[in-house]
Structure formats: C-alpha cells, structure tokens
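Next come the structures, one after another.
In the two complexes below, subunit A is the common chain; its partner is subunit B in one and subunit C in the other.
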Partner chain A sequence: MKKYFNIARLSLKERLTYRGDFLLSSFLRFLPMITSILLWKSVYGSSEQESLSGFSFKQVIAYLLLVNISRMFSSMPGLATNLARDVREGSIKKYLLQPIDLIGYLMSYRVAHKAAYISTSLVPYMILFGSCASFFDTFPTPVGCVYFFMSLILAFVIGFYFEVCLGMLSFWILEVTSLLYVVTTLSFFLSGHLIPLDLLDTTGWLDVLKNLPFAYLAYFPAAIFLQKVSDEELLLRFFIGALWAFFFFLLSRVILYFGLRKYSAYGA
Partner chain B sequence: MIVIKTNNLSKLFRVYEKPAGLIGSLKSLFNNKFKDIHAVENINLEVHEGEIVGFLGPNGAGKTTTLKMLSGLLFPTNGSATVLGYVPWERPIEFRKAFSLVMGQKSQLWWDLPASDSFELHKEIYAIEPSRFKKNVGELTEIFQVANLLNKPVRELSLGERMKLELIASLLHDPKLLLLDEPTIGLDVVAQSAMHRCLYEFNKTRKITILLTSHYMRDVETLCSRILVISGGSMVYDGQLQGLKDEFGKEKLIKVQFNNLVPDQVFDKFQPLEITGNIVRLRVAKNDVPNVLAVVSQCEDVLDISIEDPPVEEVIEKLFVSHRLKKM
Partner chain C sequence: MLRHLRLMFCFAKFSLLGELAFRSNFLLKILVEMIWLGILLTFFKTIFGKSSSVAGWNEHEFLFFVGAYYALEGFVETFFLENCVEFSELVRSGNLDFCLLKPIDPQFFITLRRVDWSTAPKILLGFIMIGFAMFEIGKPLELWKIPVFLILFLCGCSLAYSFLLFLTALSVWMIRNQSLMEVWWLFTNLMRYPRQIYDSEWALPIRMVFGFIIPALLAVSIPVEFAVKEINIQFTSFLFVIAVVYFFISRIFFNYSLKHYRSASS
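On to the complex of A and B.
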C-alpha cells in the first residue's frame, strides 16, 4: 500500500511542476458557467412556465453549479488518451515490468491529481458558490451531505474504471482518439452535464437514462444535493451505481488480462 | 544454476500491410492484407548464473523481441521459457522484483521530476531496505559520477546522463538478472567505459547475470564471455567470441612500421591494403603470417610490428552473410 501512496505523492509533485498552467486551468474552468447561466436565463425567459419538468430557473442554475462538483470527481482528463498513447508507443512497459499493478498505479496517480485539483479549486469554488447562494432554495441535511459525498466517490470510481476500459481498448485498436471523442460527447449529454436528465422526461427514456452509468458521473450527485431523489429511490440508485462500478472494475481487469496477451510491445 | 532456459521459443507477428498512396489506403479499407512475420523462430538457449552474454544480430533479427519475451512483456506464439525459475509472461511479483530490463531508448524515470524522486519510488516499489538503498545509491552514483545530477529534473539531462541514471535505477534493487537492450546507445566513450566498469564490477561482486544486446562491438568485446548470434529470428551461433573469430576470421591484419619509408616492392606479393609513408598494412591468410614475418625479418629498418584479428564487426557480418546464403 505504501508504494501506491508514494506514487500518489510523486504524481502530486509532478502535477505541481507546471503549477502556472494548472492554476490557470482551474480558474478558467468557471468561464463556461457564465454562458450556461445566460443560456438558461434566455430559455426560461422565453418560456411561459415557472418550472420545466420540476426544475425552476434557480434550480437549473444550482444544478449546473453542482454538476461542476460532480465532474470534478468523475472527469478523468487524459486518462484514456495517455493510456492509449502508452500502449501505442510502448511506454507502458515500465508499469508491466515493475512489481506494481498497472490499474493500481493509475488509480494512485489519478487520486493525487484529483486531490491537487480539488484542493486548488476549493477557494474559487467557495467564492463561486457563495456568490450564487441565492440560486439554492434548500440545502441537504447532514445525512444528505453524507449521501452527496458518497455519490461523488461513486462518480470518481465509475468515471475512473470506465476511462481505464476505454484506454485499454488500444491493445486492440491502436488509435482510439475518434472513439474517445464520440464517447466523451455522448457522456457529456447522457450524464446530465448539459441539462438535468429530468428535462428529458418527454422522451420516455428517462428511466433508462437514470440507470445508465453516465448518470452517476454528473446527474446523480447533483440530484441528491437538490433533494430530487426520494429516500425510497436512493438505496436502489446507490445499489445500481455500485453494480456499475463493480462491472467496470471487473471489465477493466478482464480487458487488461486479454489485452496483455494481445500486446505487441511495439516501440517498447 | 540456469538463469534463462528457452525451448523452441517462437514469436509470430501478424502485421497489417498497407499499400502506399491514397488509393492504396482506400483499397485497404475494404481489403485488409496481413503478413505473418516470424520475429523469433525456435530459439533454444541457456544462460547460467554470473554469465555476461552478448546477444547480437542485425536490425530486425529478433533480439529485442526475445528480450521482451524473457522479461514477460510478450507472450510467445510457441515454445516455453523459464527465467530465474519463473515463466516470465505469467509475470509473478517475485519475478518482477528479481530482474531489470533497460532499453536504451525508453525511460523508466519520471520525466518532470529529479531522478532522486524516481529512486525513492523504486525503493518503495521494490521494497528495498533503507540501509541497502542508501548504500546502493551511494555506490552507483560514485561509479557513474552523477551525484550532482540527482536533483535535476530528468527532462533537463543529456541522453548520456539520463542513461547512467536509468542504469542506476535498474540496479537499485539488486536484480539477479539484468537484460540490457543497447545500453550504451548515445553514450560518449568515457560514459561507455564507466558503464562497462560498473557492469563488470556488479557481475563479479554481486553475481548478476547479464544478457545484453548492442551494436557497439566494444561493449561485447569488453564485457561478454560468450555471445549468441541471432539472424532472421533463428540462432546462428552460441559460443565464445574467440571461437567466432577463429571460425569466420580466417585472416590476420598485420601492421609494419618502419623508421623511414616503406621499402619498395618488398610486400607486393602480399597485396598490401595500404601503404602510407612509413606504415604498411596487410591482410593475409593465417597460414601466410610466417611468410610475412620472414620478409619483415629481412628488412633492417623495422620500428614496430603488430598482428591483429579482423574487427569483430567484420567477423559477425561474415556470419550473417553466410547464414543468409544458407537460407536462400
């Protein structure tokens, strides 16, 4: 365990090498939020209704703010692309030769990056949420906060193993850029990053969408915070989410097992 | 003790063949063509504990593929192998702790961090005792004279400096087997010598078994007691370097230096390679050496004489050519 802690420590140190770029990206991440607020203001302004599918304008903005928190845990920038590049260029060999577990290594690395990102984003997020407090009608109870935090951890685990599975497809398809682009675009929509999934209830697909793994990456934590998930439904949602996490965990192991048999070690 | 043993080890790659040009690319969308490449064919070898074995062959001969199979990076298509008593491609943790593979072109150090950080991580990954770690870092940095580089980010190091640190990283956990793929590539002569000294010393004092591939014959001549030559995926020679020289080096190179100019016509019947000023160079069959010496002994003005084997590169080239001709 100590070695994985050290990998995380070193990753953190590495992440801070380019601290200028890192801090800049942490701050600039908020800019698209302003365009979202303006867009939704215009949507609600042109609509005659106070609420759409149970979401008032304020709730939509609160939701979009919360989705940023979800994505802070579930998004894995560079994980799949770097893994695919390591397979294609052979740099993956250093993880395969050393007495470490490749996926364990990637997890330690990612935890460190997330820790760095979350800690540096803490102050700007607090300022953002403080200045947008008026959009929040209610706040969750202490128990609700625990559920919210659990859903964020779940978002991280599903997001991590899902990306690992995608990246490891490069054992078969060396170039996965286009595939990743399609999946990322789909995920952006299906996870509820763009709009609350509840607004899609007219499609008849809402139940399906809520049960897909994507919903756990953005929608689910935000919905818990906004108390849009009933107590009866909560347990079931967590159960399905845990099943997805376990499924991707297993799938990543299976892909790695067969991938290594297929691996040609070109460029290594 | 046998450290490496292979039995008909083979690796076949199925390679996608893409025709040149835009039309070729479009055609290949509908009609994929594959070609089977036998990178390694029925390799049988045994390496014993404490040996330094040179693994030679032209580009594409199958050296690196063999090393990749022996280190567990690749699964073979056929055959079997045990390395340090383990089946390498099963990659058990104990096996991975017992060897190192260093490839001249690939880095195991963290690019943006100083090597000392990577070394610390190695300590944890390989569970190296702190006292042993300290001793090894001290010894190795002393041998390579890189103490001043330990705290510099790896990306700011020259290739030679990085290679020295790569080798140190690979030796920190006292591996029993060291697989080296062109370890001196890009190194200057001084650094090459330091690496030779270090490898030689580690081999002698710690009984590390070393299997190395190199295109620099100086590595092979300095370090290797035995060489394996592979060509077209098959083993074509396994034995002493001198044996190879004896078998394929049927000639000797003789250099005679005179006080004044080389006397006219004396060496004409031996067809000298070169006459420049007071030096004559000859390439003669081994059994012609006494005749040359007899002629030289009659000259009054001789300053120096040396008799050498042809360069190893030449001997090995002859071996490759003869193997290629046999296959045709």
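On to the complex of A and C.
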C-alpha cells in the first residue's frame, strides 16, 4: 500500500509543477458558462414557458454548473492515450518488470491527479458557485449530499475503468487515438455534459440514455443534487451504476490478462 | 507569393499523403467530425423544439449561422490549429530551431506547415448547411451579396487566425501552454452564437470587450447578419478594418516573440 501512496505523492508534485498554466486553464473553463446562461435565457425568454422538460431556467444553469463537478471526477485526460502510447512504444514493460500492479499504479497516479486538480480548482469553483448561487433554488438534504458524493465516486470509478479499457485496446489496435476521439465525442453528448438528458425527451431515447454508463459521468450526480431522481429510482440507478463500474473493472482485468499474452514488447 | 502558393500546395499534398498512409485512422477522424455535426444539429433541434426563436433569430436563420460557424471553425482547424498547438512543443523541445533556419517566412512555415485534411469536410458541410438554410428561408441570396459575404467570412477567419497566432506566440514565454486550447475554445465559444444573445444589460462588459477590443463576437455574426438580416454598414466595415489591423498586429507580436526564443534543449 505504501508504494501506491508514494506514487500518488510524486504524481501530485509533478502535477503541481506547472500550476500557473493549470490555474489559468481551470479559470478559463468557467467563462463559457456565461455564454450558456445567456443562450438559455434567450431560449426560455422566447419559449415563454416556466419549465422545459421539467427544468426551469435556473435549474438548467444549475445543472450546467454541476456537470463541471461531475466531470471533475469522471474525466480522465491522457489516461487512455498515455496507456496506448506505452503499449505501442513498448515502454509499458517498465511497469511489468516492477513488483507493481499496472492498474493499481494507474489508479494511484489518477487519484493524485484528481486531488491536485480538485484542490487547485477549489478557489475558482468556489468563486463560480458563489457568484451563481442565485441559480440554486434548493439545496439537497444531508442524506442527499451523501448520495451526491457517492455518485461522484461512482463517476470517478466508471470513468477510470472505462478509459483503462479503451487504452488497453492498443494491445490489439496499434493506433487508438481516433477511436478515443470518437468515444470522447460521443461521451460528451451522451453523458449530458452539453444539455440535461431530460431535454432530449422528444427523441424517444431518454430511457436508454439514462441507463448507459455515460449518464453516470455527468448527468447522474447533477440530477441527484437537483433532486431530479426520485427516492424509488435512486436505488435502481445506483445499482445499475455499480453494475457498470464492476463490468468495466472486470473487463479491464480481462483485457490486461489477454493483452499481456499478446504483447511482444515491440518498439521498446 | 507564387513561391508561397507552391509551398502551400506541397504542404497540403504531403499532409494528405501522410493521412492516407493511415486510411482507417483518417476515416475515423472524419467520423468524429460527423458526430460533432450530429451533436451540434441535435442541440440546435432540441432548442428550436422548445422555442420558436432565439435572440431574434428564427430556426432557418440560426441554421445559416450554425453553418457559417461550422465552416469557419473547419477552415481554422484545417489550416492552422494543429500547427499552432504544436508550437509550444517546438519551443519546449528546441526543435523550433529547425523551423527558423529554413529560408522562408517563419510565420508562414510554422502556422501552415501541416494541413489537417480530416477537418476539411467541415468547410464543405458548413456551406451545405448555409445553402440548405437559404433554401428554407425561401429568399435566395442576391448575387452581389455572395462575394461580399465570402470576403466577410474570410475576415472572420482572419480574425480567428490572428487570435490564435497571439496565443501561439505566448508559448515562447509560457513554455508549456496547455491553456492555449482552453483559450481557443473560449474564443470559439464566443463565436458560436449570435451576438444578440449578449444584449442583456449585465452582459454589456462582454459585449464591449469581445465586440470591440477582442472582437470574437463579430467573426461569424457580422457575415451572417449581412446575408440574412439587415445590413449594418458600420459593423460590416468595422469587421473588415479590424481583421486587417489584427492580422498585422498579431504578425508583429509573433515576430517579437520569436526574438525572445532561447533555443533551450536543442
């Protein structure tokens, strides 16, 4: 356990080396929120309706703010691409030669990465949420907050193992970058990052979209916070989410097992 | 000029050959662009499924706008974006030396040396959307307006390029410039919707800053307004002048930044 703690500590230090760039990019990520607020203001203004698909104007904005928190936990920038590169260039054997579990190492590294990201983003996020407090009409109960936190952890676990599975496909497919682009692009939309999934009710795909693993990466935590998930539905949603997490965990282990049998350390 | 055109042709040819060496990868990249378009149109349809107009733009006018934005973004991504993003890596690794030693204008070589063919279909698709929107509006674009619209569209592209060049030049000092993409994304975010959505009172500072000082709000809005709404002579001429001014200022800044390049790591 100590070695994984040390990996996390060193990764944290590495991550904070370029903190100026890091802080600037965290801050800039929020500015498009203003555009979203203004766009939705125009949409609600023109529609002359208080609520669209069960979401008021304030709730849509609150949702779009909250998905930033969800993605803070679920997005795994560079994980799959770096893993694919290590496999392609043969440098993955540096992990295999050491008494260390590859996926365990990646998990420690990612936890540190997230800890650095969350701690550095804390101030800009507090400013953002503080200035947008008027969009939050209701606040979840203490139990609701626990559910919200649990959904964020679920988002992290699903996001992590999903990306690991994608990255390890490079044992068979040499160049996975484009495949990753396809999946990332689809995930951006299907996870509800762009728009609350409920607003897509006219497509007739809402039930399917809510049960896909992508929904757990952005939509689900935000919907819990806004109390858009009923108590009866909550347990079912957590159960389906846990199944997805377990599925990707198992899949990553299976891919690693068979991938290493295929791996020839070519290019190292 | 002719030499530069010949070189551009060579860059485009070699980039295409490079892409075709990995055909499936190339096709997947095009597929990503198609998915993005699908997302953009779904988003657009969802909004107009709930509301008849947005900031005074009806569905067909808005589709024209989306087409113009998509084509402009495609233009910048095809010719400049990848090259500009790679610039910080050239600075960090010291490989910029090899670019500067070439007997050619550094800005031309650095920002145009590779053409991203996978995003080129966006330009075509954007113009197809414009054509479709025009058909839906039911009022064909007058003949004299077409060249003016195209000139204004190129002014918008030039404005976007100048801004990208500013950001690229900053890499010389920042070394690691991951924020470049974030700032560029912010810039495209401002271009993505009609400037009228910023008409709220509290959005006045944004309208002033991004409408006049860093005029991202005008890059797509003005050419499209010229085509489908009433012609605003002041804004139309302003876009033309500011595009030329920004092009030269960004060029001066880029050359200034190159003078501060320390050639470390080489």
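Going forward, the second predicted complex is superposed on the first by the 268 of 268 C-alpha atoms of A that agree within 3 Å, B and C clash if a C-alpha of one lies under 4 Å from a C-alpha of the other, contacts with A are read in each partner's own complex, and residues count from 1 in each chain.
We take it that a contact is a pair of C-beta atoms (placed from the backbone, for glycine too) under 8 Å apart; a residue touches a chain by one contact, two chains touch by 3 or more.
In this text, all values refer to a predicted model and were calculated from it rather than measured experimentally.
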item: Partner chain in contact with A:T185 - subunit B first, subunit C second, else both or neither; value: second
item: Which superposed partner A:L199 touches (first subunit B, second subunit C, both, neither); value: second
item: First, second, both or neither for A:S264, with subunit B first and subunit C second; value: first
item: Touched partner set for A:E175, first subunit B, second subunit C, both or neither; value: second
item: Superposition-derived comparison: subunit B or subunit C, residues of subunit A touched; value: C
item: First (subunit B), second (subunit C), both or neither touched by A:S119; value: neither
item: Subunit B versus subunit C as contact partner of A:S42, first or second or both or neither; value: second
item: Contacts of A:L31 with subunit B and subunit C, given as first, second, both or neither; value: second
item: Residues of subunit A at both interfaces, subunit B in one complex, subunit C in the other; value: 18
item: Subunit C residues touching subunit A - in the complex, by the definition given at the top; value: 22, 24-25, 28-29, 31-32, 35-36, 39, 42-43, 46-47, 49-55, 174, 176-179, 182-183, 185-186, 189-190, 192-193, 196-198, 200, 203, 206
item: Subunit C partner contacts - residues on subunit A that touch it in the complex; value: 18, 20-22, 24-25, 28-29, 31-32, 34-35, 38-39, 41-44, 46-47, 49, 52-53, 175, 177-179, 181-182, 185-186, 188-189, 194-195, 199-200, 202-203
item: For the subunit B and subunit A complex, residues of the former touching the latter; value: 13, 68, 71-75, 91, 93, 96-97, 100-101, 103, 106-108, 110, 112-113, 117-118, 120-121, 124-127, 153
item: For the subunit A and subunit B complex, residues of the former touching the latter; value: 2-3, 6-7, 10, 13-14, 17-18, 90-91, 93-94, 96-100, 260-261, 263-265, 268
